[in-house]
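To keep things clear, I will list the structure first and then write my remarks on it.
Just so it is clear, A, B, C, D and E label the chains in written order, and each chain counts residues from 1 on its own.
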Amino acid sequence: MFSYKFQWNQAFARLPQMLDGALITMQIAILSMVLGILLAIVLTVFRRSGSRVLSGIATSWVEIARNTPALFQIYMAHFGVATFGIHFNPFTSLLIGITFNNAGYLAENFRGALKAIPETQTRAGRSLGMTSNQAFGYIMLPQMLRIAFLPMTNQMVWAILMTSLGVTVGMSTDLYGVTQALNALTFRTFELFALAGVVFYVIVKLIQFAARLIAMRLFRY
Amino acid sequence: MIEIEKVHKSFGQLKVLKGIDLRVAKGEVLSVIGGSGSGKSTLLTCINGLEPIDSGRILVDGTEVHAKSTDLNKLRRKIGIVFQQWNAFPHLTVVENVMLAQRKVLGRSKPEAEAEAVRQLSHVGLGDKLKVYPSRLSGGQQQRMAIARALAMSPHYMLFDEVTSALDPQLVGEVLDTLRMLAAEGMTMICVTHEMKFAREVSDRVAFFHKGVMAEIAAPAELFGAPKSEELRAFLSATH
Amino acid sequence: MIEIEKVHKSFGQLKVLKGIDLRVAKGEVLSVIGGSGSGKSTLLTCINGLEPIDSGRILVDGTEVHAKSTDLNKLRRKIGIVFQQWNAFPHLTVVENVMLAQRKVLGRSKPEAEAEAVRQLSHVGLGDKLKVYPSRLSGGQQQRMAIARALAMSPHYMLFDEVTSALDPQLVGEVLDTLRMLAAEGMTMICVTHEMKFAREVSDRVAFFHKGVMAEIAAPAELFGAPKSEELRAFLSATH
Amino acid sequence: MFDTALTSSDFLFLARGAGMTLLVTAISVVLGTCLGIACGIFRFQVGPWWAAPMTFLLDIFRSIPLLIQLVLVNAFLGMVLKLKISGFSVACGVLTLYTAAYCAEIVRGAIEAVPGTTRRAARSLGLTWWQDMTSIVLPLATRVALPSWIGLALGVMKDSALVYIVQVTELLKATQILITRLQEPLLLLMICGLFYFVISFPLARLGGYLERRWSND
Amino acid sequence: DKLDDIISSGTLRCAVVLDFPPMGSRDADNNPIGFDVDYCNDLAKALGVTAEIVETPFPERIPALMSGQVDVGVASTSDTLERAKTVGFSVPYFAFEMVVTASDKSGIKSFDDMKGKTVGATAGTFEAIALEKQVTEWGAGEFRPYQTQADVFLALSQGQLDATVSTSTVAQANVKTGNYPGIAVVGKAPFDIDYVALFTNRDEYGFINYLNLFVNQQVRTGRYAELFEKWVGGEVPSLTVPNAYR
């Protein structure tokens, strides 16, 4: 039916290289998620701080992260900031871009989650003699992370998918970068990218599965 | 001793407390009754400094609550408070709920805090629910856990804000029994309550609040037996 | 006339109706009482064809409800039904709630439908709430709106499924009064209810359901006065 | 800072890129939403079991990078099937399916959020399935879905930056072309970012506002 | 076949890389210009059709052909044997020498100085593949492939890269524009001469034949030298390899 001859062995022969790339992809995604969560917590604290400067910084961050393309953010992290003489290697640029994006989206999720926690929880903590920081850290924060767990899982998936944008800043060791390099060598575009797609799909499903396990262990209440 | 002197408090335009004067002595059990919105809850949250006041002052063991120099976090350890809405920390087990503030506020070691938690929980009859999450508890059990949580801080005073009013009728009894037990043990308590029978039996004195004013205060026999004001009479007949 | 003949119905393994035989004549008011899960609600939803049945048949004015050839949407116009849970359409005002089905199902013009809606709403005492959204109504008002909505379709029969059981006690009265009024006007009605007093006063006959079987049916005086079966006696004593 | 080599024709070039971004977005969002609604209703109507193949298919669009989707579809249509299809059509096609995949989930969730009792009440008044769908479910589900849908549409607009891979010169690609010639990356990127922001920000705010307003009643 | 299809459709769609001056770039009105653009126009004229320039980044050249977006690649594509497994190449229509371009700050003066430095090239090109291999061999330094030639020079002038290897024509042209201050061509890269060819689908023998003759005619008629003079200047490189047939 097709005159096109699939050469799947060409793609499968390169699978080990692609799996190495997949490891880098996971590494970036996980790092950007951990940093993103920490930064999002900081942004959340900033936004609640009542200081106009801090909440202004946080709000700008959140709005820029949510209202411009991720590709733009990554491109900016490499070529944009270089105008000021600040140089990041592709790995770092990609990490910064994705982390910036993650932190913005997560901060917004955290804000929604905090709204869902009754004010009486803080009151209960305060009346036991906790400082407001203690009440936030030990009472609000854990509950917030639980409520925002599903959005966090989704963000993790997006982080994985966003790593594919690294090629625009010279990234060549992640899954997409490796696939593109192999494509330049062999031009088996369809086979290579189909295989890469399957690898991405498997990674995403693994993450969703792991998230479910984690949720089951962490959130027994 | 808790001394409340000419306390005024408003939320925006709304005057909620209009000059309250009240003393609660060591070991006394005071019940506070009154219509909805009369300022009862607000008074309690002013006593432990969760809310600022407009004028007047509140002294707890001689320390002025709303003075700038007062370390509120330290003061609050003396004053346990339990609210109407259950406010268990849902992400912690029952025993962890009771341990948290002990460890973070009093700096107790884990075994110490745990031993105290187990003691207090057994005291209120929850010795068999230690590892359970609050969502698995009935409302009455949650309230008793909140009481144990407050007691674990070894407070000198306990404030209760309608701790039974969100409970199903059959659960009210077990919580009131816990309060009775505390009263019998000599704890100084202020109980905002709608349970007239409880107020009558347990309290040394009963205060009646009406629109931000403490309209009457007397021993229960006197207050319920011979209400002086028209408002109290109306209130008492409505609650029967 | 509603004729129910040997109706069996199950959900999966669970047999919910086990051979129900029942006739409701024009103008009759039948109350159905019975324990939770005895199949009362299921019977009502079978009568208007919202649920299929396993065997037996149900005839409404001679039309077999579950026959393939029956146009259910047409049949349902004859049978008004009001459920326990308020199910106002929240995106429509009260008057629009009552107009919707008139316009879509009966094809009435807007003024016609509106006139009828106003008439029925005034009838149930909601003449002053026409432009209000249901979220602003009390539970009792929402139930009366649901009744008006059903009545606006000029049904021949009305089925009521515990219309008062989700209401606060003080709101129950106004809804029951509306039902009384309908009964007095000669509407044929089947009322599933937990209000024994209402069943006794208003019904021509009362049916007692127990575990999917119609255990007894009789005039209220007889049924309440001299319950034959052990189950009914137990049920009646439990509801007092 | 503003002494720039940017000429008016360059702005026109950027504007054409922006126009392309909006065009691709509009086509994909409109078609994708229609398809997504159909899939969402189908999914709700037949239940998770029967819809499993469709759910699986749509899930793929949410589980692999959009770049790979574009490259793959482009390669499949052109290399394997040897169809002559413009990059623009490929971009719109893939983004349509991408939109539909997310939209179907939103729609299903929104329909599930309409209480069964309300729908029962409608049916027992004699409304047909279709009348119930249009008069009751649609307006109620819309309230639930609209805020998320606005988010989705904006997401598609931002993700449309990736269609450069199939030779469509949208805004970000146009910006890169100008950077190549003019060597003013920061200024050009700022202009580009500002454009996305100016479109996205107010709409996102509107979504948030609607969500707040409708969750109150 | 394809030759007939092109003639009957009336347009020839060429894949051209437009951030690769002087082979392909854009003028002040953002219209495509360059050697490859003119070459495509010549080919179209020979076929009696109009040319349509489709801009393709380096990594997308062959996918664009394979997916039917273009009819022929006039895109400075090296005729490697690996690639010839997928597409059909004409005889070479241009030849590049590889040179090293470095930023002044890096202190790189020759190819060997690049060892241990951060170097880059355009992803998917002949020189990128060779340079990456070299970096791996050296076992020191970092190699970064960027999506476009422009990104490479941008990174170089921003100081993100220390040096790059590119075709001499491209390097010269880029340095000449003055867009990238602080960079200079510092020497030759010891890579083979990079012969580039037109390409189309592997099985379109008729069209490939036509392309071969067209390349030959361009040289014969002097048009090749004319275009070389216009866009590059200097000594016209030979397109044949001594002692071998092609």
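Here are some notes:
One rule holds in what follows: contacts are C-beta pairs under 8 Å (C-beta built on N, C-alpha and C of every residue); 3 or more make two chains touch, one makes a residue touch a chain.
Predicted, not measured: the structure shown is a model, and the values here were computed from it.
Common partners of subunit D and subunit E, by the touch rule above, are A. Minimum number of contact steps separating subunit B from subunit D: 2.
Overlaying subunit B on subunit C by C-alpha atoms takes a rotation of 175 degrees, rounded in steps of 5. Chain centres here are means of the Cα atoms, and by that rule the chain farthest away from subunit B is E. In terms of their C-alpha centroids, the spacing between subunit A and subunit B amounts to 46 Å. With each centre defined as the average position of its C-alpha atoms, the distance from subunit B to subunit C rounds to 47 Å. Averaging Cα coordinates per chain places subunit A and subunit C 54 Å apart. Centre-to-centre, using mean CA coordinates, subunit A is 20 Å away from subunit D.
Under the contact definition stated at the top, not a single residue of subunit B touches 2 or more other chains. Residue positions 71, 75, 79, 82, 176, 179, 185 of subunit D each touch two or more of the other chains. Each of the following residues of subunit A touches two or more other chains: 79, 82-83, 189.
Pairwise chain contacts in this structure: A-B, A-D, A-E, C-D, D-E. Contact residues on subunit E toward subunit A in their complex (touch as defined above): 58-59, 62-63, 66-67, 82-83, 85-87, 118, 120, 123-125, 128-129, 132, 142-147, 151, 154-155, 158-160. Those residues of subunit C that touch subunit D in the complex are listed here as 45, 48, 50, 73-74, 76-77, 79-81, 83, 85, 87-91, 100-101, 104-105, 133, 135, 146, 149-150, 153.
By the touch rule above, subunit D contacts subunit C in their complex via residues 115, 117-118, 120-128, 131, 135-136, 139-140, 143, 217. Within the complex formed with subunit E, the subunit D residues making contact are 7, 9-10, 13, 71, 74-75, 77-79, 82-87, 90, 164-167, 169, 176-183, 185. Interface residues of subunit A, counted against subunit E in their complex, comprise 78-79, 82-83, 85, 87, 89-90, 167-170, 172, 177, 180-181, 183-189.
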